[in-house]
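Two complexes are shown next, each including subunit A; its partner changes from subunit B in the first to subunit C in the second.
On to the complex of A and B.
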């Protein structure tokens, strides 16, 4: 398509470059800011000689193997678990109305920030938690809370539970999103029908026909989940052990330690964290190869039925347990937020009151304001950049190159703990004093990839004949963009905005570091309070963290409906 | 004068003696100078107040307690009214965050425009900032209200964990280790360290302490260390208040490790997991998982009861064999762009009005650092307010136990390192 050279088209044409630069410079610059101290360059401490002493010190840390193993193990197991359950749910409820219901139930979990989810699960599985109260004293004869393993168990089982419950809805929605794409979903469904007509049981048909094709589309999101979970801080901090903690948590503690020389060790740790993440990705790839090799014969052996009923039963049980876990965790949190004193083992609080909500809401105004300003600014930026970049794709008639496509996911694939500390150093170097801008910028790094991910498909899928007709009628590219494409895409744009807001709401480490601690948001307050004294206040903040994104998703979902009704 | 005396004692030097007399003759004149310099100081302070007005002060202070946050909010209103200063409370989860920030600024050669104007600090954080020259020097002793702490007779005001403060930080409050328990579940709480050990044997899993280097956990270990070395000869005991050496470590620490080896199997989670801070202790006490616990800010207990975070039957007490106590301070980083405003705020924090408000249990309950005998009757009146108190606000044994002073800060690092090596991986 020949495109006129106007201000609009020029802006659009440069936007992919701007977007890539906005993502690459901070991430690579941040990595540099960690790489130098990791190898001993830290002038503020008088360390100006390159060397490996940071790493020597790191590996001399008591329990370092356990830390590495814990990071590696919890993220691998939780991702595997989430993936397997996702596949089981898809296989069992494929073409069944239950799939929609489960999706509707799990969807909201996706937008619950990690910190809030960890707090809720912690409340559930603690010795004095809802689960233990549910069975006490009638079954367990406990009248004081038991001194048991969870949370903070040394094997990281609580972390695995927390991570898996957070990852599962993400993977499931990604898979459903792929299946919802007409060119893929339709084909796969037809293939499944063919398989059924050939006498395959629906479950076996799913495994043999759909999964191999579907997996290809899910690989990148899975790797992102794996990378994220290996270096996440909130869940291991709130649910994990501390003798020793996971590597990422230890790095954060070293960075913040009184003993400033630990900074060098922390930087070395950040480099090792990247290696751990890489080795996880390689492991996943290895498992993938292995499964492919082992299942090749099975896929083509022509067998029509492989214990479909048993798998279905197992899936039913898993789904039931999972859903009730989520419901109980949420219920427990709601109870805590309204509880007076709640003596053990009573199932319900001794009194109910609104006092915690009242006092929290009066203290919450400033953080709430910050949360909203930052989220709206970073999301708006992300939406504009994404739309322009996608428009430039259409004007130049080719999709963003594979390299650029990967770069968009850079902030999701590189452990944020590894480059965020460097990013703060970078802000210092350019003397960026406006903490608000710094935080918005840091949030953009995480909001942008998700917004892009969420918008790209709808934008690319928009029928090109609309714009061809408009152009042939003499409409300028800018007019086509503003008056044709955007109104047609209003629904996905609003959903992407809600997603962007939710991502921004949930950011803990970027807010804390880029904001120099000056900017409090609901999330930073919630994490601070999670380690604090009051379960009640903590529950209020965690619920608030859940309500905010939910509110905007509902708005995003309702607005186009109201508008379209008004238009009719 | 000490130096003069020493010189006079020199036996063979008549010359010095003459010089001493000469100096003595000069003394009255010196007092004149002193009076003059006093009015000078007042003028200088007025200048500081003037320059400090209409600016912002970013006060980096631990923000994990709502009561303290509310008190700082009150301070912000007051300094706005009285000095036209905008005080912003930057809530830290750990004071070391501020330390790291100033260090990062120094490493980026940001020597004038730092983000931290005032920081709530003591102990190891102070030692670390002082060591790396990250603090403004020689200002705290010139605050007009500093004299009210009676520093000549109260050496604790100018020593932070044994390290001389040299005017780098102004005292703000003081605290002592206070234990608390649920009187419905525990009839006889342990009143000495030895009793605590036997109590945990009878009630396994109902006591724990935060993982070092966390402040409160460290304080418990220091309390234990002092008590366990009580029967050592005086010269060995004194080493606790000097920098740790390999020799003193070998003399002092084994008693602590022996004690902990016995204590840990009966701690909460058999000592496999330690909570991260004192607030977690309070939460677990509220849940009923812990039955005896401790804190540095005794006033948080009645207020936690009022918010239903602790049972109504909670009572607080001090250990009979001693209670570790320390002073906390505020300091100004060397690169604060609002040095004068920060001084004005620090001075206000030391005012009888602010100190008396802080001491009320319903506000914060943090003991004042002022020497009440130094106050004028009007100033004293601030402290005379009586308040309604919950039973837990009355600390049992408060008058019949001694206060144990803080160890030299180097011990914290030593204890943490060896603790982590022994118990950090389980």
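On to the complex of A and C.
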């Protein structure tokens, strides 16, 4: 293809390189910035000799085994749980209208920030939470809150609950997305029909025919979920035990300690964190092999009925419990945000008031402003870079290489706790002192992959004949881009923007670290408040965290509709 | 035991409607080994008919009438208990299983070695000797079509439906495969319904041909 050499085409052509550099340099630089101190090189402290004393110190920390076990266990169990329930739901409601309904119910959970979800679940399962009130005193005969350890139980059960509830909608939507792709979904459905015509009950047909193929498409997202959950900070911080916490939370505390010498131990911890994540991925791979080996004979043994009714019944119960948990958690949070005096075990607050909202909203102005400025800046940058990179694909007539494709997801695959501290060190090295810019830049690392993921398909699927027609009418590439492609793609662009904003809104660690603790957003405030005094204020902040992304998703969804109606 | 019962598929006073709009009506009896051919342009209700026969009629359609298989009323039987085999234009072999696995999947439960022997025999008969462990994607289109046929036949169906089964094959392969399919249908004495828009398929089937009209 011959492409005109204009300012526009030159800019577009360089954009993939710029995008890749913007992702690779900070992530690899950040890793380097952790690797050096991990092995003892930290000039600011006068440590200039390489050695393993960081690791020695790390493994001498009391409770380190528990930390490792907690990180490993919570992440593996929650991902397994989320995966199994996803499969049960798919198997039970495949070809049933309930699948769509469950999808619609769970979809919005995706955009709820981890911190807000953790706060909501914490409120639900706390001793004086909604759950214990719901069953008291008529069933439990409790007049005072029970003496249980939730939500900070030492076994990490609360963390598992929080992670699994957040991961499940993601995995389910990924699976439904695969099934919705015409090339894949149609074939799988037909194969299911074949199995049915061969006498397989729908449930067994799903497990023996659909799942083995479907799993292949879900593997990468599952591994991403596993990697993320092993190193996430918000949920273990809010729902986890404190003595000791998970490794990721401990690392964060050491890095933020006033005692700078802990930095070396923290850096070693970050390296160990990467190893924990890797070992989780290997474990998953091992489980996968084992299941494959054990099920090979079962797949073709001709057995056609496998207790489908019982599995269906179990799934119905699980789905009901899960959806009720989510609804109760949200409802409880709304009640807390309006509660005056609320004596135990009353199900509803004794009095309702809007005071918490009023006072929180006045205190919230600065964090809200920061949240919006950072989110809009990083999202705008991400959208522009993504669109240019995708346009460059079409001009050069080939999709970006597999390596670049993988690099885009680098910030999502490498535990952020492992490279963000190095990134802060990198900021110091290049003397970048504008904390605002640093935070926007750090957010971009996480916003960009999601925006790219969300836009790429629509952009690549746009009928190429539109451009050909426009070009034959004498339109320059820039005109085709601005006046043809962008208007045609307005809906996906707006949805990608809303997604980008939601991702930015939810960032905790990047804001905290790149902002050196000086830039407060709704999310950092919510996390701080979650372990603090007032449950009511905390509820207001968590609800704000949910309302913001919801608002922009609704706007993104409505705007094209309003415009298209105006035209008709 | 009624050993002389002739296998048969009876469609009794079938009326198919889509939102009060009449699609088709049919009243037929197909004896084992015979092929009823349904022809007609797309949109004439061919696939809706097949969906009704296997018990997968989408909700927007309505049907009255009965379906008898070897004398038993199966009109309300769920599709996986009907024992009506389906052969599509795409072979739809399961990619996660080998050729052998695909056929074993379809066969009734039983002794493992016996099942494997049966598969080898069947493969030999259709010229696919020694292909047991191959993965379906490595086979040619014609070979895949033959495996798909064996898969249906070895599942011991009581009737078989052919949904444009040869339309993806080139003309040489088409004739061979067609011949093979009709031979096997006769050999197993299966009542068959074939949907096609190719006249040569209809001629080769040597059975009754019903042409549906396109609805406006």
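In this text, the second predicted complex is superposed on the first by the 563 of 568 C-alpha atoms of A that agree within 3 Å, B and C clash if a C-alpha of one lies under 4 Å from a C-alpha of the other, contacts with A are read in each partner's own complex, and residues count from 1 in each chain.
We take it that contacts are C-beta pairs under 8 Å (C-beta built on N, C-alpha and C of every residue); 3 or more make two chains touch, one makes a residue touch a chain.
Predicted, not measured: the structure shown is a model, and the values here were computed from it.
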Fit or clash - subunit C, subunit B, common subunit A: fit
Which of subunit B and subunit C A:344 touches, first, second, both or neither: first
First (subunit B), second (subunit C), both or neither touched by A:197: second
Superposed model, subunit A: greater residue contact from subunit B or subunit C: B
Which superposed partner A:288 touches (first subunit B, second subunit C, both, neither): neither
Superposed arrangement, angle subtended at the Cα centre of subunit A by subunit B and subunit C, nearest 10 degrees: 160
First (subunit B), second (subunit C), both or neither touched by A:63: first
Distance in angstrom between the closest Cα atoms of subunit C and subunit B, superposition on A: 47
Subunit B and subunit C footprints on subunit A, overlapping residues: none
Touch list for subunit C against partner subunit A, complex: 54, 56, 79-86, 88, 90, 92, 94-97, 100-101, 104-110, 112, 115, 151-152, 155, 157, 161
Residues on subunit A engaged by subunit B in the complex (per definition of touch): 42-45, 62-63, 66, 126-128, 144-145, 147, 152-154, 241-244, 255-260, 263, 339-344, 351, 353, 355-356, 359, 363, 424-425, 428-429, 431, 433, 435, 516-518, 520, 527-529, 531-537
Contact set on subunit B toward subunit A in their complex: 58, 60, 63-66, 69, 88, 90-94, 96-101, 103-108, 110, 113, 115, 124-125, 128, 132, 185, 204-205, 211, 213, 268-270, 272-274, 276-277, 279-280, 282-283, 286-289, 300, 304, 307-309, 311-312, 413, 420-421, 423-426
Subunit C contact footprint on subunit A (complex, rising order): 187, 190-191, 193-202, 205, 208-209, 212-213, 299-304
